[in-house]
């Protein structure tokens, strides 16, 4: 069992390029600690890298990644809550100013949920239980559809982000910071094939390419 | 509440550079799905980006990130287990060949654990409960130290990775694939200030800069 | 508190007309007991009377009516289950050959569910808890829509009937009789305004005016 | 599994006769909703149709039907309560002015209760648990008989109606409306063979053919 050669090769490349570019930032971050402005909650999917998509350097994004970029609601039990712990750390210890929940196209977690809707979850079925967090999203989608989307996979990907944003404010420490104007919550969705980023309008909850992003594209293009 | 301008700027940059570079890969991944060879379990810390450190492109790494890069042991209860769900998905659905648990220097989660050792965890204290996963690591470290390290923070960072690797094989689906030679488990540790990557020797459980990495560095440098 | 005069007037009318027409049937049914062929599970709604819609005389339909014509799944607990008790009585004691679950337009129970999707149910909120039986229907609707219906209220009315039919076969005594070819389960939906009856195709689960009903209408018309 | 032909035939008949007679009422009810004045709680028995017995048209009666026309007492638990939900909906949402609990002769549910008095209820025995709701009725009957009736089946049918009326006022929303003079509760009993309707005197709790009904019969006859 030796360390994967591909990873070591990639690491060699990183040392020559990526690290050198950010050398001073790294030294500074090692001494003074991290102070990211933004937390991103994203999927584990290998095709969706927050630091890549937002072209972010070291120290800029505090990144929680789990299957289907889900936020559970606050719970007063004694179970483990890895995602909730990360959110608490970001908000209380790091005092981030923004939390972005970023969904994406072709999400395998969302697909698994749809294919097993209402299936019983067996003991030891971690995925099955985890993605049941999408159940309230499905109920909202069926009862109060925000917009008309013919693709049920996409509709559920959006609904999942909306539900995670709703769940975020069930944590008192999130709700307080939001009320105080110290924290903003955002929804986003990334299209793997086209690289398109859609941003959720906080009022209408509709996802679309933001005008600002379009302007930037035009400017850059 | 408008979407953070920094992120939109970064995204504009990504579209012009990163996405263009991988355009065909993205189109292929959108149609044929992801097939990553490697899962990385890493910290949410904004200074530690697996795709950056391993210079990995889209589709290469399935990345779970939580506070202090922890793997809980297998549990037969009905609670949520986000990390376990991600591991199950990587091993069962994606059939990854490697899982890398990567710790790092200056880990805030490890530090919080050390500063609150044996403190009771209050209701609603998600971080406190989560990092209690380090307790068996601390006990091992105190009772059976692998090597002599004067820095207790670093020693605990290493011990955390070792414990997560031990917990990984408590999942039957991991143990089976490891026994069958279809899955390898690896420990690693990243130094934020110097960019140094240390790899754990699977026999001795000692962390050091791998000779292969050194050779690569010499070659590249 | 004297008995409502309208009801007594109606009863006087019934005695002169309805009862006289079925006098012998009544006498026979009083002596030999009921032996209905069909159970109908329908809503309490004052606009939906199974005996009216199916022009059924005394002894023909065993009728359970509750809010939103719901069938709960089989439960192995010690709670009260009025609907399940009625189903058990129909299948085991009366040996009915058909169970028809009949939804209807403008269902207030379905509407209340949609308007309060994911709302917490308070103690003493009987309606709220009861209509939560529609949650799996909503999840199915969001995940695996059977057909494209623009009206979310109608879509949920259909989904509720489909879920109740699924729940029916969770009762062992129902499943056994269905397997043995001794019992058939049917879905239907009644449009209050037009009087239209739509029947669910057991294969496709799509609701439509049955060709047989159309033929009958043409014949009669 | 095709929809029962008898029902489709009956429906064809209904469309030609029943629906046509009430066409405008139906159209009005579809647009403006139901506003029934009366809720009837009746048995599922195929020989007892409230709309038939009270000669009621669409929109007049909100009808809950369960085995043995039983009302459970108010419960502060989290179980399903279909009958209580229907009562809550009738009183709170529809603001009915009258609730009629109507028993009937030859009730199979009452008979099953009598034949299995004090038998243990097994798991999965829904009927057995449901009709245990008659236990307080039986105890009252044994301890404080209202009148002398030689027929124990009939005595229990009456006692069941009385108990359901007592249980109705255990719901705070029922008790409040009754106290405010906004809601009246009534007991009734229907004789299948003769078509006779007996009404319960609210003071004496004795059932008899109401004088008003007799007068109406004389008038009509």
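A, B, C and D label the chains in the order they appear, each numbered from 1.
Basically, a residue touches a chain if its C-beta (ideal position, glycine included) is under 8 Å from a C-beta of that chain, and two chains touch if they have at least 3 such contacts.
Note that the structure is predicted; figures quoted are calculated from it, not measured.
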item	value
Chains in simultaneous contact with subunit B and subunit C	A
Remotest chain, subunit A as reference, centres from CA atoms	D
Centre-to-centre distance between subunit C and subunit A (centres being mean Cα positions), rounded to whole Å	44
Euclidean distance of C-alpha centroids - subunit A vs subunit D, Å	54
For subunit A paired with subunit B, centre-to-centre distance based on mean C-alpha positions, whole Å	17
Subunit B-subunit D separation of Cα centroids, rounded to whole Å	64
Junction residues of subunit B, two or more chains touched	none
Topology of the chain contact graph, where touching chains are joined (line, ring, star, complete, other)	line
Touching pairs among all chains present in the structure	A-B, A-C, C-D
Interfacial residue positions of subunit A with respect to subunit C in the complex	113-115, 117-118, 135-145, 148, 150, 152, 155-156, 159
Subunit D residues touching subunit C - in the complex, by the definition given at the top	1-19, 23, 26-27, 29-31, 33-34, 36-39, 44-47, 49, 51-56, 58-67, 70, 72, 74, 76-90, 92-93, 97-98, 100, 105-106, 108-109, 112, 121, 123-127, 129-131, 133, 172, 184-186, 188, 191-195, 197, 199, 202, 210, 212-213, 216-217, 219-221
